Structures are given as structure tokens and as C-alpha cells.
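In order of appearance the chains are A, B, C, D and E, and numbering begins at 1 in each one.
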Amino acid sequence: MSVEPGNFNRTQYRLGFWLLLAPILLWLSLLIILPHIDMVLVSLRERIAARQYAFSFSNYTAFFTEPLYWNTFVRTAVMSIIATVLTLIIAFPVSFYIAKVLTGRPKIALFILCLIPFWVSELVRTYGWMILLRETGLISGALQWLGLVDQPVEMLYNDVAIMVGLIYTSMLFMVVPLVTTLDSLDNSLIEAGYDLGGSSWHVMRSIVIPHAMPGIMSGCIVVFMLTLGNYLTPTLLGGKNSLWFTEQIYTQFITRFNWEQGAAFGILLLILSSLIVWLGLKITKQSFTRVMS
Amino acid sequence: MSVEPGNFNRTQYRLGFWLLLAPILLWLSLLIILPHIDMVLVSLRERIAARQYAFSFSNYTAFFTEPLYWNTFVRTAVMSIIATVLTLIIAFPVSFYIAKVLTGRPKIALFILCLIPFWVSELVRTYGWMILLRETGLISGALQWLGLVDQPVEMLYNDVAIMVGLIYTSMLFMVVPLVTTLDSLDNSLIEAGYDLGGSSWHVMRSIVIPHAMPGIMSGCIVVFMLTLGNYLTPTLLGGKNSLWFTEQIYTQFITRFNWEQGAAFGILLLILSSLIVWLGLKITKQSFTRVMS
Amino acid sequence: ETLRLLTWGGYAPQDVVEQFEKETGIEVKITLSNNEDMISKLRATRGAGFDLAQPSQDRIVSAQADFDIYKPMDLSKIETAKIIPSMLAATRKNTEFEGEVYGVPHVWGTSGLIVNRKAAATVKDYTDLCDDSLSGSVSYRLKRPTLIGFAFALGEDPFAAYGDTEKYQAILDKVEAKLVACKSNVKAYWSGGDALLNLMRSGEVSAAMAWDAGGWKLNAENPDITFVAPKSGALGWIDTFVLPRKTKAEEAAYKWINFVMQPEVAARITESAGNFTAAKGSDDFVNDSLKAQFKESFPQADLDNINWYPPVPAGLEEMEGKVLDRVKAAN
Amino acid sequence: MSDQAFAVDADAGVQEDLACTLLSKHFGEFAAVDEVSFSIPRGAFFSILGPSGCGKTTLLRMLAGFQQPDSGDILIKGSSVLHTAPNKRPVNMVFQHLALFPTMSVAENIAYGLKRKGVPKREHAALIDEVLAKVQLPGYGDKRIDQLSGGQKQRVAIARCLVLNPAVLLLDEPLGALDLKLREQMKIELKRLQREFNTTFVYITHDQSEALVMSDQVAVMNKGRFEQVGTPQELYYQPKTAFVAGFVGDSNQYAGTVQAQSDQIITIVTEHGVRLLSQSRQPMPLGSPITLFIRPEVMQISTSRPEAEQDNCLQVTILRMLFDGARSQLQVETAEGAVLTVALPQTADFHALEPGRSVYVSWQAGQSLCFPVSTETQPESVQ
Amino acid sequence: MSDQAFAVDADAGVQEDLACTLLSKHFGEFAAVDEVSFSIPRGAFFSILGPSGCGKTTLLRMLAGFQQPDSGDILIKGSSVLHTAPNKRPVNMVFQHLALFPTMSVAENIAYGLKRKGVPKREHAALIDEVLAKVQLPGYGDKRIDQLSGGQKQRVAIARCLVLNPAVLLLDEPLGALDLKLREQMKIELKRLQREFNTTFVYITHDQSEALVMSDQVAVMNKGRFEQVGTPQELYYQPKTAFVAGFVGDSNQYAGTVQAQSDQIITIVTEHGVRLLSQSRQPMPLGSPITLFIRPEVMQISTSRPEAEQDNCLQVTILRMLFDGARSQLQVETAEGAVLTVALPQTADFHALEPGRSVYVSWQAGQSLCFPVSTETQPESVQ
């Protein structure tokens, strides 16, 4: 490391460090900016004959005029929002428990439990669920054995299966920022809340949640973006086409080989999802830099 | 929240909290344990005739006797290890810079730069690269225009493309734990290192890196597991030569509808990757709970 | 009421769906797929999740034997008079399992070669794709049709060896060696029909093993490119209608079958899919250029030379799978 | 008698705001609080003084309800609160780091408790203004917490509790985080507030000076037990155990053995071999090991042998001066090598004392104390 | 004269280990350190005393090399180190939170600097044992850092620096994190170590007692400038500015105006209207506003009007006693309402003083100090 001794924590950025970092930063940003410039260019042309292309917005207008695409996007966005909210609702008590109730080994154990989904490849996990959820799977069998249903039930290829998969995949991304912010909440603030007469509910609402707000928002943003951009889980568990917007993009690129349309969809996904995040921040009156820092 | 006032941070777990958490914990663990039990069961049978299966280890022996599968796994593991090491090498200076050199806005800005890959769905990002790197893409065109090459070059469908994609996707998972541990390193320890006569290199080696070890290890574990279990990036960027173990699993499940073999591969992936992580921890003398907490 | 249809691209064009929905009030939800994917999806649920599927006739019996995912067809509910009798009979024979019939024919066509005559005039048979001059500009699928096609081109008759596993394995080994050697010629193993067409259009690929319809489609855009029936014979296939075992809209499924077998509807499907259907008299409604292209690609000799897929015995696919894996992994 | 002692006397026995009986709390095998009993009369300033880790915070948290005792009872205004949740107990707590809610303004911090108590909203403003005036922060209601200085935060934290009129206010080392000069001011300020609100304060600290200056009664705590409870003067002048003698105020400590005993006076030989006289409260067997405590301020320095008869008089050599203004001390050494620290009187005569000079230090036997070694001190009985 | 002052006199002018000239450091517009000049003779214990935020740490970090001055020069043993990296400067620093490397044992911590300095490995063990013996931690080499108590850590941090034989040892409030009783011990211990190693110490603190007890020379710092540099006694008895008078030691402070001046003695009327006499170092115009400082220990309490002639004698009412053992004080109030804090002598006579009683306090004009108000004090010139 070419850290200049002693000046490492000063805002006088030193040459050596920049020389080292510049290529990394360039790489980080070029690999995201260049493809997107390229995608914008590709998305703005229309094939008029073999190997002949003209500038056109038709790929974008197709999105708005073809109800299928638009509906798929809305459906994806709504499902993602629901998944995000449900993940938050499930992750909050878990995170509170990890950050504020447990100490020592149990704390680590529960935290690792939340890491476990990462241990197994998303693909393998999803197949595991397919085995589990299918009609002849364990759950269906258990339900029959318990007498709750009298014939096998199919739990695959529907929205509930997608939702379970998405929430499961997202848990960690919600738990980590929540645990981090909750950890930084001084226990004595919570105790003071009780001490001054607040009930558990009041303490949660007026002390814990306001403090955890940056964590809640950053967790929600990350989960929302990941869910919206997920491909494997909705495709494999959902089964049917055109249920998820990324699948539309995949179809355009791979099955249709319509790169122009696919690129337009990719750009639209980026713009629309950023818009939704921005709206979410506006509504909850949070600022992006505060949330992300 | 049914938090019992005041006892929230004591190890006396209260009934209310458990009642709330139990289903979540159950859900978290059942959704990972049940499918795996099911997968083990499926993987241990062999089709002897139509609709007839017998208990057998043949799906596991196939992995070891068929060099193809074994080689694919080794290749995947080696590539993942290389990707992990490269990610660490790139992420460490970035994280050090974020945690120890920058303050205020630039710090947040650089951190967000590392978050950007999350903003765009992995699928869309990968297509962006495909547009960029293919024979008729921007880079090939630019190289021709600059006269560096005289015919289109294909930069897709090789190991370098896979590696770039994997490292890019993994950056964040390395940067976050590194920044967290480096942030917790008291600046005065670094200053003391210099003060007692250490050069930048000595300070890095004997103070910064030992302190960051848990972060380095947890970052490496997460990146390794994610890379090994990735499906989209190696498949799309690798093209005809991708050859990733998850693709084998996918093929067994979908193209071959050989669930027995696919399940065995899934279980083997889990066992072998855990083994590699365990070995890595042994070699670097780290303990898992310390790394993960 | 909805009909969940698991089918191939082009087999359920938007206008046909709209007309059906208008006439019957049944909503149609389409999932695009291919043979392996259809079977996998249905296997995962033991035949639930969809109401009507369209695998090829050769992939029905083995899947049914192994996974019990289909439901027998009630031919009495189908207006069989609308279907070309010879195809109905062939499908009937090939999809019969334990005395029940599982499939009715819908679309038929062949697999062969699509060649850019300017860049790859030499390509006459599957094995010609491995010619050194075509390095990096060839494409085919990494699926069983490729194995079968290469086997024929190598002078074997894989269909005859279906019953003899050892013989079949020997053929496969030969094919494997050829495909591994051929790998450097391959630009990409294609998986979706449109993907291949774009590779041909952009010139990145100049010869490929593919379905006839795609070749004709390209031919309309670029006369240099066309479908060629290989010397060793094109591979003939028939895609069928089958009922998934847990279909929830059986009546709607029969309605759809009868609907698409109407000659003028079938003709519209031919337009969109590029292949002819088993509907009697639909040819009259098909435009002339497609007929001309068909004639050009299939002089009578080639038509007689077509190798029609017999049903795949259970277990062969596993052998084939290993070969395909090894080809993929080879360097 | 000081006024504090007087105040206690006046109220004593009339009514108790807080009483504990045989309160214990274990963490595993370890007894953090061990059968502590005490009672605090209404309106008293009661301090618990003890070294770090002796169990002060644990005791206070049991009073507040944040920790459940293993055994014993807590009575507030005569009734047990053992099964009352912390948000229902008529006690409030000022936390060591104050625990002001950073997302709320000063007024909102104070209003928090009022809302929870169900005080009608229209009364809030008046109550908040009143309490802010009392803590001498009028008009500070709209300030953000991070705009306040350390001492101001301190006062807001107290106002936030006192506005609720608690029966007892618990304070956990509230001055610990302040810097030296401010701590001195706040000591006096806290005492003033307690008098003004006439609320019972239970104050914990490890700083003996805080406990002595502010309290009516001080309990000295050690290893989970109360060693002694008494007025500051009692603790300083009549410590009952060696621990109290050593912990409250500065002392020279010497290990020694009893050589002779006559009446209340015993003769001690220290480990260095210095022979000293001391009073003793209890009879001590000859030869038994003891610890002797002599406060620096009881020793008198003179350049010549003092004329008046002194029980103890040593000729010593000056080692060094520890100059600290009014609190300067001299370190001196006897011929035997025992080092003594002696307070330096504020008379100009002594400013010229140089290291190496020989001087005399002398004190009366009654001004030193001694305690037997290694006898486990018994816990205080219920006061 | 104390021994410290003596040590300074002996070495003064012979050689300086450290000197700064017109050293400044700005953060934006704000001058954290403002043209500070000083020089420290070899082997001296030099303290920099000032309130929080006055720029002490910034100054020390410039000496260590962690911050680059905007202007001015730093000379160590006569040569400028302005362009020497911190790892090459012959100074070492003891950090406020010690900054011991937690991943290394005590011996490894000490060996770190030796290795970097290129001392051959075989000599390490002997050097480590020697320095550990000097800081009275023999045999502690193999302990882990978290096995040490606060005071032991302190000593390891010092040993780690001193083993390198630095020209100057810098210490940034090293006792700040320790608790009260330990801090008292460590004060004496630090002074002993400095004498033993005979190394120049630059010690910064905001605790005047620490600075006074340990130092040969103290610089009082305020708002980036040195207000006064001198021996502890000079600062305590002859402060040159109002800030020094107020910051060093306790004082009663009163605002007032000059009513008359004769010779060195001026007559002051305080804001409460009390008429007092004080000495004054500088001539003060009649009517000009001044601040008067009277230390609690110079005032004498008597129950009857003192017989000896006193320049100032007030009849006052006792408000309350601030009992703190040897450091007890009385708060008294004059008829005009001015409150004074008076040290309570350690004689039994005064133990019975009760609030409300009327007593007399008296002191000589020469025992109080006064400074003109609002005249910006000039920074010390180079010493």
C-alpha cells in the first residue's frame, strides 16, 4: 500500500493512493456506465431490414403501448414492493432480537442462521423448494397426513411460492442493515423510554423505529432492487412466462434475440425502479445519502 | 412488538418474544433444512425401471467416476477461489480508502459507487456486458477504429469475461465486511504503528491486516460461496465454454430431468464448498464464529 | 375460465388467441417452452400447473412411463375429421402407452441445415459443419436432435439402434468424438430459435443445424440464406397436443385443439410458426411463397429421405445426456 | 452538624420513600448484589459509593425495574414493586450517558413522559416551561439535543424525569462524562435541584468527593454488600471497616502488628519497623496483623521537634513536594524507609521546604484508625 | 523551591530537546494552534494544560508528525523535523486510549518498535525485560493486552515508547480513561518514570491537578495560544492573565469596578456592592471593570471578628457546608448577597458550624488578584 505515513486519515489525498485507486474506480464505473451507454444506443434503433437499422423510439413506445409489457412491469413492481414490506416485517423482530436481546453465542447463532441462505446457491435452493413444494413433496404429504387436506396440494407455480422464495432470498439484505442500525441504538435510550412510562409499543414507535429509519430504508431499497432484478427465483418457482419483468428481458435477449427491445426494457427497468425508490424516499422524507451512509 | 419492558436485553428470553420469533425461526430453518432432507432422499435413489426407484449411491459415485463432473467442479472451485482472491485484492485498498482516508461526502460517494452494481439487476448488467463485449460491440468497434486490430474481436465467451463479471458482482460483498472491520480499527493504532517506526507496509502487515482478518475471512467466505453458486453470470458470459457446476445442476434438473443426479450434485456442492471454506479457515487459523460475528 | 397453454414460440399467435378468447370467453395464458423444459415443468408438479402442452410425439411415451405426467386423450372430443388421417394415425401409434392414446398431431416439420450460400456453400450434410473453413462460424443446439443428425451423417442409423443400448452407445461415442473435434468451429450453441436467426442475420454464423421454418424465414429476408435438407436426410418431427395429468381446464383444452384445427386458423399458425400443420385443407390458406420455399428445400427425393423420429425408449436420454455434457465440457 | 444531617433527622421515621430488604442478584455463581437492605427517608439525597464493579448499577437497575432480583423485596412508598413493570414504577432514572432522545427536541424529550402519563396535551407547555425554568434553562424547549453543552444536557435529563414527579429519582453516575471543572459546578447544582424539588434522590458514584459533598446519607458498597451506611461525616471520621477507611478520603496505609494494648490505645509496629500509637475501637489480640490508616491532613509538619506532647512524632526526610495549590502534599520518608504523604498547610512557611531536608511530623493516636486484617467484614444490618 | 524547579534551573540553557517557533495550524478559517513558540530543556517534564478544544492534541500531533503545520518550525535536538515522516522522528507518543496492539502480547508490543528500529533480534529479550522491570511489570511479557488492568496497560504503553530511547516522549491525556483512585497513583508513578528514564516528557491534560503535581514547567493553553508558561508555583501564585487565574486552582470570581488605587493596592466594588481591597500588578484606571480572584484557602474563618488587622473582613452567614473530608468548604453569603466559597480548616472547632450562623471571613489584599476585563490577553513571547 502506498499510504503516506500519518496522512492516511486526512483529506489531503495523496498521489500514490490515487494512482492505485484510479484504475479500480475507472473499472467500477466504466463497467456500469459503458454498457448502459451502449444499451441506450442499441435500444434507440429499430431494425428496418436485414442488417439495416434506423433511429427510433419504437422500442420504448412498445413498452407503453403493449399492455403485456406494461402489465408485467406493474405486476413485478407490486410484487417486489409487497415482498419488500413482508421482508421488513419479518426481519425487524429478528434483527431487534439479534441486536438488542441476545448476547454472546445465541446472538451469533441467530445471525448465522440468517446467513445460511447464502451458503446454498440460489439455484440449488430453488430446486430444493421445487422438490419440497410439489404435489408429491414433503409439505403436501405432511398436510395430507395431518388430515388438513384430503388430496395432494400443488404449491408450485403460483405467486405464494414466488413470494416465499423472494422473501427468503432477501432476508439477509434486510437483516444486516437493520442489525447494524439497531446495534448502534444505545440500550439506555430504550430503557429511558420504558422508564419514562412508555409501553413496549410506544418505545418501538417513538424511539426504536425513528432511530432505525436509515437502516429500514437502506434495507428496503436493496431488497426492492434485488427482488425487482431477480430472475431465477420467479422463473423457476413461478413457472409461467411473462410473470416477471426480467424474464421479459431474458426472453427478448435470448429467445427472441431482439436485443433492441431487450435493451430498451433494461433501461426502462433502471429508470422506473429508480423512480420508485425516489418516490419511496420522498414519501418517507429520507435523504439518499443519509440512508446509504 | 410484545417486548417485555426492560428485559429486552437480558438473557431471560421471554415467552412473548419467543412466540413471535418461533415461527420466523422455524420458517428460516425449515425452508433450508426440509428441502435439503428431501434432496438427500431424492439423490439416494436410482431409477431401475419406469417409475421404479431403488436406494443407491450411484448418483454420488457418478460424480467421482465420471471425470467430466469432477473436472467441472474443480474448475468451478478454482475459478471461484481466483475470483475471491482477486476481489479481495481489489476491494482491500478501496475499503481502506473508504474506511480510513475519506470522511464526509467523498466517503459516502465512494461507498455508493460500490453499491451501484446492486442498482442494476444482475441479468440486465450481464446483457449490458454482452452488448459491450461481443464481436459487433462497442469495444471491438473502438479497437478497430483505433487501428489496433484489423478485424472484429470476440471478447465474450471466455474465462476472462466470466472472471470480470464475477468479480464485479462480488465487490460489494467484500467491501461491506472490510469497511466494517476497518472502520472499527482505532486510527490511533495505525498512528502508533507509524510512531514506533513502522513503514506503511509494516503498519499494513502487522496492524491493519491482523485487525481486518475477520472481515477479510467473512468477505472471502461470502464471495466464494456466491461465486460458486452463481448461475447467470458464468452461463451468459461464458457461452459455449462456461462450464460452471451450477449449470450442470441446472442441466440435470431441467434438460435431463434427472432430478436424482441434480439433487446429488446440489448436496455435493454444499458439502464440498463447506469443506473448502473449512479448510480455508483451518489454514488461516480463523474460527467461524469469530469471523461471522 | 383460463387455459394455461405450454407451447412453442409461434404456435399460438396473438391474433389467434384473441379470436379464441372472443369466441369462447376463455382466457389463454401462454408459456413458451421446449421439449425438455415442458417435461421438467410437468415433472416437477406431476402434471399440474398447465392445462395443455405441446411436446413432440417422440417425447411422450417415455416421459409418461417414467413420470406419469400426462392424461389420456379422449379422441371422441376431438373433431378428428379436421386432421390429416395419416398423421393422426402415426401420432396415435407413437403416443400409445398402456392401451391409451396420449397425443394428437398439431405442427410438423423437419430439422436440417440453414446455410448462407455465399459463405458456406460446401455444407451439404451435418458433418460438413465441421469443415475447417467454417471455424468459429457454425452453430447448432446441444440437444438430442444434433446427436441423431450427426449419427445419420456419419452413416449410422440411430433409430434402428433404439432397442439395442450397446449399439446405441457405440453410435453415441462416435458422434461424441465428432462433436468434440468440431467444437472449435462452433460460435455458440443456440437454444432459442430466434437467437439462431439473429446470429445468421448478423453474419456471425454462416451455417447451422436448425429447423426448416427458420431457414425459410431468413430466406425471405436474404435470398443467400436458406434451409437445406441434409444428404443423410432431414429429421422429421411432429409436435402434438397432450393433456397434463392434472389439467384443470380439460374442456377448454379440447376447445382450443378443435379451434386451431380449423383450416384458416391453422393457416395463420403456419404463417407465424413457419411450419405446416396437421389440419386438413389448411394448405389452401397458406401463402404461396412458403409453399414455394418448401418445394425448393424438399424435392420429392428429399421428402422421401426424411427420417421421422420414432418414440424414444425410456433411459436413452440419460445416455445422451452424458454425451452432451462431455461435449460441453470438452476443450 | 451540617444541614444535611439535620434534614435527615427531621424526617427520619416519618415516612420512607424507598426500602429494600435482603435484595440479591446473581449472575451465574457470582453475587453482583448480595442481601442488601436499606431504607431511605422521604426527600433524602442518598448516595451509593463504591469501586467499579461492586454492583451499584445492578442495584439501581433492580430499583428501576430493569433487572429482576433473585430474592428480597423492594418497597416504594410502602408497597412492593417487585411485580411492577419499569414503565409503571413511580421511579425515574437519569442514565450515565443521559439517554436523551436525539431525534426529539428538548421540549419533546420532556413531553414524552407527560404523554405516556396521560397528562392532557394543553397542560404540557406550562409544565415544560416550569421545569425548564427550575433547571435554569428557560426558553430552551426548541433546541435540538446536539445543540446543548454537557451541563445543559445534564439538566434536561433531570428535568425530563422531575416533571413526572417521581417518588424517587435514580441517578447512575450522571457526572461521569463531564469534564473536571463542570463536574465541580454540577455537584452543587444537583444538590440545589434536589432541595428545590424535594424529591428523594438515589445517586450512585465511584467518586467519593461527589458522594460526600451532595449526600445526606452515603452507603459504601463493596463486592455486592453495603459496608457502612451513614452521613458523610460518619464515614469520613468513623469508618467501621478497613475498606471504608481506605476508600473514603485519602489515607496513608500501613500494615503492622499489635505490640501492646492499653485501654483504647494500641501500640503498633509497622512492616518497616516504625513504632506508632493508635486508637482502636475494638480489642485486638497482641501480635495480630492490622492495617493502620492515617489521613494526610491530621499530620502536622514542623521544622523543629514540636513542643506540645504528641502521641506520634517522627523525624523524616523530605522526598519531594507534590504541588497542587491548596491541596499540595509532601512525601516524606522515615529513617526506616516508610513513606508518608502529609498535607502541606497553606502557610507560606512551608513553601521553601526542599527535598532532603529533615522535618518532624506528628499526630495524636486518636487521629489514626486501625482495623484487623483478613477478618471478613460483616455486611451492614438493616438501618 | 521544590525539586522540580531545581531540576529545570540546573539544565536550563544547556541544551534543548524540543523547540517550536511560531507554530500554527488552521482548520479552514479556524486557528486550532496559533503561533505557538516554546522550548523544552533536556529531561524536563513539560505539561500543556488547557480546556477541551483549545488545540492541545493538534499541537502534539504536529510534534509527532501526524499533522503538518501551516507555518512555523519544529526543532528536535536542534534540527528541524518538519519534513521528517512520523516513523522517522525521534519522538514517541503515548495515546489517550494507549493504542496498544490488541493482537500482540505485551512483549510483542514492545518488540514492534525494536524490530522497526533494526535492533538485532537476540537483544530484544534483554531490552524488553529491562524496560518491563523499570515500569515494575517484571515477567509480564507473555500476557495478552486484555489481561492487564488499566494502570498496567498504561505502563506497557510507556514502556513500548521508552524502550526506543526517544528524544522526547509525547503523552496525550494518558490518565483520562482511568478511574479516580488509580489516576492519583499513576500521577506519582509517571513522575517517577520520567525521572528514572530521564527523558523529556511533553504531557497534555485538561486536569490542572495532574499538570501541577507532575510538571517542571506548565504551559497554559487557551484558544490555540499559550497564555503563560511557568513552574506550577508561578502559575498558581502569579498567574499573568485572568484565564490562568481562573483555570489553575479553585477561585471565587467576582466582577467589579476600580474605585480607588494607591500604590499596588486598589479598592474594588463588586457587582453586589461589596467593597474589597486587592493588590494589582498593573495600574488600573478608576472605574474600569475588573475581575477579582480570591482562592478559598486564603480566607480565614472566625466566629468572632478577627483581632489581627486584615485588609478585607466580611461578616457573612453560612449557607451550607460542602463536606469533603480534608477538602471541605463552606458556602457563605454576605449581607449584600454575594456568595463566597471558603476552605474549611481541618480543626475540630469548625465542625459544628451550622447553616444560618454568622461568621467572619478575612484575608489580606495581597492574597487576591485582579485583572482588567475584556482586554485580550497577549500570547506569551518565546520563553
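The definition used in the following text is that a residue touches a chain if its C-beta (ideal position, glycine included) is under 8 Å from a C-beta of that chain, and two chains touch if they have at least 3 such contacts.
Going by UniProt, the chains are A, B = Spermidine/putrescine transport system permease protein; D, E = Spermidine/putrescine transport system ATP-binding protein.
Remember, predicted model here, so these are calculated numbers, not experimental data.
Chemist: Which chains are in contact with both chain A and chain E?
Modeler: B, D
Chemist: Since chain A and chain B share one sequence, what rotation angle in degrees maps the C-alpha trace of one onto the other, as a multiple of 5?
Modeler: Going from chain A to chain B via C-alpha fit gives 180 degrees.
Chemist: Measuring from the mean C-alpha position of chain A to the mean C-alpha position of chain B, what distance in angstrom results?
Modeler: About 16 Å, centre to centre.
Chemist: Calculate how many whole Å lie between the centre of chain B and the centre of chain C, each centre taken as the average of the chain's C-alpha atoms.
Modeler: Computed from C-alpha means, the inter-chain centre distance equals 39 Å.
Chemist: With centres defined as the mean C-alpha position, give me the chain D-chain E separation in Å.
Modeler: 26
Chemist: So what's the Cα centroid distance for chain B and chain E, whole Å?
Modeler: Comparing mean C-alpha positions, chain E is 56 Å from chain B.
Chemist: For chain A, write out the residues touching at least two other chains, lowest number first.
Modeler: Expected reply: 5-6, 10, 191, 194, 199, 259.
Chemist: By the touch rule stated above, which residues of chain D touch at least two different other chains?
Modeler: Within chain D, residues 64-66, 85-87 contact more than one other chain.
Chemist: List, in ascending order, every residue of chain C touching at least 2 other chains.
Modeler: 202
Chemist: Please give the residue numbers of chain C that touch chain A in the complex, ascending.
Modeler: 4, 9, 29-32, 41, 44-46, 48-49, 191-199, 201-203, 221-222, 246
Chemist: Where on chain A does chain B make contact in their complex?
Modeler: Of all residues in chain A, those touching chain B are 1-6, 8-11, 13, 17, 20-21, 24-25, 27-29, 31-32, 34-39, 42, 90, 93-94, 96-97, 100-103, 105-108, 110-125, 127-129, 131-132, 137-139, 164, 168, 171, 176, 187, 190-191, 194, 199-201, 203-204, 222, 225-226, 228-232, 246, 249-250, 253, 259, 262-263, 266, 269-270, 273-274, 289, 292-293.
Chemist: Applying the document's contact rule, which stretches of chain A touch chain D when the two form their complex?
Modeler: Residue list for chain A touching chain D: 186, 188-189, 191-199, 202, 206-207, 210-211.
Chemist: Of all residues in chain E, which touch chain B in the complex?
Modeler: 64-66, 85-88, 91-93, 95-97, 99-104, 112-113, 116-117, 160-161, 164
Chemist: Which of the residues in chain B come into contact with chain C in the complex?
Modeler: Residues of chain B touching chain C: 47, 50-51, 66, 68-69, 71-72, 135-136, 154, 157, 239-241, 243, 248, 251-259.
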